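Letters A, B and C mark the chains in the order given here, with residues in each chain numbered from 1 onward.
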Amino acid sequence: MSENILEINNLSKYFGGLAAVSDCSIKVKRGTITGIIGPNGSGKTTLFNLIAGNLKSSGGNVVFDDENITDVPSYELFSKGLLRTFQIAHEFSNLSVLENLMMVPGNQSGEKIMTALFKPSLVAQEEAVVKEKAKEVVEFLNLGHLSNELAGNLSGGQKKLLELGRTMMVDAKLVLLDEVGAGVNRTLLKDLGTAIEKLNKEKGYTFCMIEHDMDFIGRLCDPVIVMAEGSVLFEGSVEEAKKDEKVIESYLGRGSKIKDTN
Amino acid sequence: MDFVNAIILLLNYIFIPALTYGSQLALGAIFVTLIYGILRFANFATGDMMSFGTMMTILFTWYFQSLGVSLGVLPTALLAIPFGIIFMIFYMLLIDKFVFKYYRNQKSPPVQFAMVSIGVMFVTQAVVRIIIGPGDRRFFDGEKFIIKAREFKEMTGLNEGLALKSTQVITIFVTIVLVSLLFWFLNRTKTGKSMKAYSDNEDLALLSGIDPKKIVLVTWVIAGILATIGGALYGLDKSFKPFTYFNNMLPIFAAAIVGGIGNPFGAFLGGYVIAFSEILLTYAYKKFFMYILPESMEPSSLVQLLSTDYKFAVSFSILVIVLIYRPSGIFKGKVL
Amino acid sequence: MRKNLNVIAAYSIMMVLILMVGIFQSWNIALSIFNLCLISAVMTMGANIQWGYAGLINFGIMGYTALGGLAAVLISVDPVQEAWRAGGFDILMSLWLIVVMVLVIRFVLKRFEKSKIRTYSIAAIIISGILLIRFSAEPGIEAIEAVDPAKTGFLGGFGLPIIFSWIVGALFAGGLAFIVGKVALGLRADYLAIATLLISEIVIAIIKHEDWLTRGVKNVIGLKRPAPYEVDLQTTDWFIKLVEKFNSGKLSVIENLADRQAALNQLVIEGSSVFVKLCYSGLFLVVVIILLILTQKALYSPWGRMMRAIRDNEEAANAMGKNVVKQHLLIFILGSAIVGIAGAMLVTQDGLFTPGSYRPMRYTFLIWVMVIVGGSGNNFGAILGGFVVWFLWIEAAPISLFLINFFTAGIPETNALKAHLIESVPYFRFLLMGLGLLFIMRYRPKGILPEKIEIK
């Protein structure tokens, strides 16, 4: 078992002539919470899409847990322990909040149609367990009062919480979080941070999170990777990143400083 | 000599018919592709809209015939087509106003548009059948042949005759003129260019001050012209039967998709790709081989790859092959 | 209870309409309509689980219906021994060749990496295989079709009770759906629609033209029935007694004994055909109820939850470990199989198989109108759609005739326009369907009984 849970080697993605990700190489150590920052359009989301099998790469490879997963479809990655959330919430709008969570666990026997139809008691047993778990997660996210609401009716921030909640339904190895914090209020954001740290420490999840909120990043992440124009510009601690000339330049143009967003 | 006979045979039974049929499909395919590119939906009423335009043309043809007006050697229908077009455009705009416009304003997904077009398909079929009936109609008059097979044989002394029907020449000629005009319009005029821009990127086009109402109007007008002429040419060359027109939708769609949907030039070529494949694969080559092979090797069977009953299989196979290997069509490249 | 009020109301109205047909037209007509409504309901349930549960467009319903019908023929007709002797061997040989070809292709696909050469060699295998198969089957086909062409001219079937074909029809249709799904699923929605439409046309072409298997446009008539025959009933004692008992009031007023006997005979003849239709109604109703229970249970199981999630957001479902492509294929097969059952039921009821009658308007687009009008995603809605639309499809002609006569009452019969309109009455059903679809899509886009999202 190598020290890195994720290795990205020279990964590229072109949209027509535009290089959204170009020759990008990143290593993520097991057990870390790695932050990814970078200006808008620097290719962060595209990078996640490539890792998670939502896009086909134009070149390079991705190794996850000592296994080459380049262009492996995303549903297979789920069972290998790689989960992701989406920047724009991808809730199942016509399912209730609880159902959104209950659909997550893999290998439910009720997901096979024959079992679902002809072995109701087995399915009911499993459902009870899954439901219990889903309720825990819902409570944790402070969405308890909305359990039976359709996910489509949630607010933007609540949807983001639900996204995070889905990754908590199963035991993951690596979770890719794409701006989970965006649109979530301050107090809840703190709880979110605590939850992420707790999952990281107690369950050994590795996190890789894209975030624009430097406070949030600063509190949780070590190391942090700065992306610009599709490739890695800087890698190190948050403090170093804030001081780094190149980073500042890429972010705000010459002569500026990264401000802590309060 | 036998070799020349073989060539004439292929010309007569494959090349000329395929070129004619291909032109008819091409006009339909451009119609489909324009609607798809600009109004952004797959129009399942395509075949029936063409049959509506053809019906109007036939009604005017009958009217002119009853007045004793004729074009001499040319079919009277040519005179009726412009009137058919006017009614066709009127009908299309009516449908757009009462049906499609609402969904356009709602920004409905393409699937919903497609479903709505099925409603239009039902209505149009009913209208056509109520007005002119479901039967087979021939409305060709004038001189039927430019070259008759017998005359050709006498003239050249060959065994094989080459027949050239006037409808074939008219079809090819009209198609060339119409398509040239269309491409000139799309590429050279301001309106044409703005249609292109609208098809490429709607939001950007709207920002740059293009009037979407005008674009939609012009699209339906062009579509009406293409549908009526394409339908009328097909009807002149073969015959008019509403059910056949409905079925023609399939090769027409195949042509549009093969050519890269949204791309009129691709659709134009796609029409010929489908027509040639269909005819090449369903032609019985026995006679051809009898000419070119020595007597001892003459085939006993028809040497037909596919029975004509399975012509849809040709469209389908091409469609599947293209969609699997080149999902954006063979003639990808610039869209519209 | 209150939630279901509109369901109950809608179904009651439908039943009243059918009863009115029974009272004002005849019970025979009413039952014919009712039976076809039930068959339509099965078809819409099939289309609904594809469209409503998964958002897949299947414009190939006609093809699956026809395959179900073919199953009815192949299961119930007695084998034609002579045809088997004449060409059975050649046919079996060709069948075997097809299997070999498929195995070879599979081997090539498994064994070699994806490359241009592989693609071309597969194309070469397919083309040469088809030529070889045609060549080897040709003499057999000719021999079979020459066997008493006026009566048989085909291989016949297995001579089993026709009711088995309802299951076999499902298998046939499901098998075709598997192949179609493998090729066409994953295409964009509108391409999928075109592709399935094309495939269904090809299926019909095959059924129409492969006479050795299906008798083609010569039709197969006189299929065995799961229900008694009218002529047998008319001579059965208990049945005559039953009719007599039912109509005792009506009969007792007739004084003359001979008249009474004649009236009874007439009633027995009418009653026998009503009775036969009732038998079919019973069978069909059982199928509809079983399917309804199963589809409802499936929809509210974890499987249904997964399907609804996939429909809502494929990308997210994929990221949550659900194999969307596989599930789409599964639901495509299930839905098509249900349509196959309906196809077999239809031929069973008609007692004949007429390949020429399969038209896309009737067997594909009409079914879509049913699904959309009834309410996609809701099984009760889909079934209701089947009832409403079929009822209108049948009653459109009399209704429009009535309307034409009503509005042109002052105009003499000889008026050309009036005569033309009356002659065109059969086509008003298309108009009605089209307008109905357009109105529903505009003003009630979720159908008469919209999908209810029930939260347990």
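To be clear about the criterion, a contact is a pair of C-beta atoms (placed from the backbone, for glycine too) under 8 Å apart; a residue touches a chain by one contact, two chains touch by 3 or more.
Values in this document were obtained by computation on a predicted structure and should not be read as measured data.
If the chains shown are joined wherever they touch, the resulting network is a simple chain of contacts running from one end to the other without closing.
The innermost chain, defined by the distance from its C-alpha mean to the mean of all protein C-alpha atoms, is C.
With centres taken as mean Cα positions, chain C sits 47 Å from chain A. If each chain is reduced to the centroid of its CA atoms, chain A and chain B end up 51 Å from each other.
If you average the CA atoms of chain B and of chain C, the two centres end up 32 Å from each other.
On the chain C side of its complex with chain A, the touching residues are 294, 297-298, 301-306, 308-309, 311-313, 315-324, 330, 334, 453, 455.
Chain contact summary for the complex, chain B toward chain C: residues 41-42, 44, 99, 102, 110-112, 114-116, 118-127, 129-130, 133-134, 243, 246-247, 250, 253-254, 257, 301, 305, 307, 309-310, 312-313, 315-316, 319-320, 323-325. Listing the residues of chain C that touch chain B in their complex gives 55, 57, 119, 131, 138, 183-184, 187, 189-191, 193-195, 197-199, 201-202, 205-206, 208-209, 359-361, 365, 368-369, 372, 421, 424, 427-435, 437-438, 441-442, 445.
Against chain C, in their complex, chain A makes its touches with residues 52-54, 73-75, 78-79, 83-84, 86, 90-96, 99-100, 102-104, 106, 108, 110-113, 116-117, 123, 126-127, 148, 150, 166.
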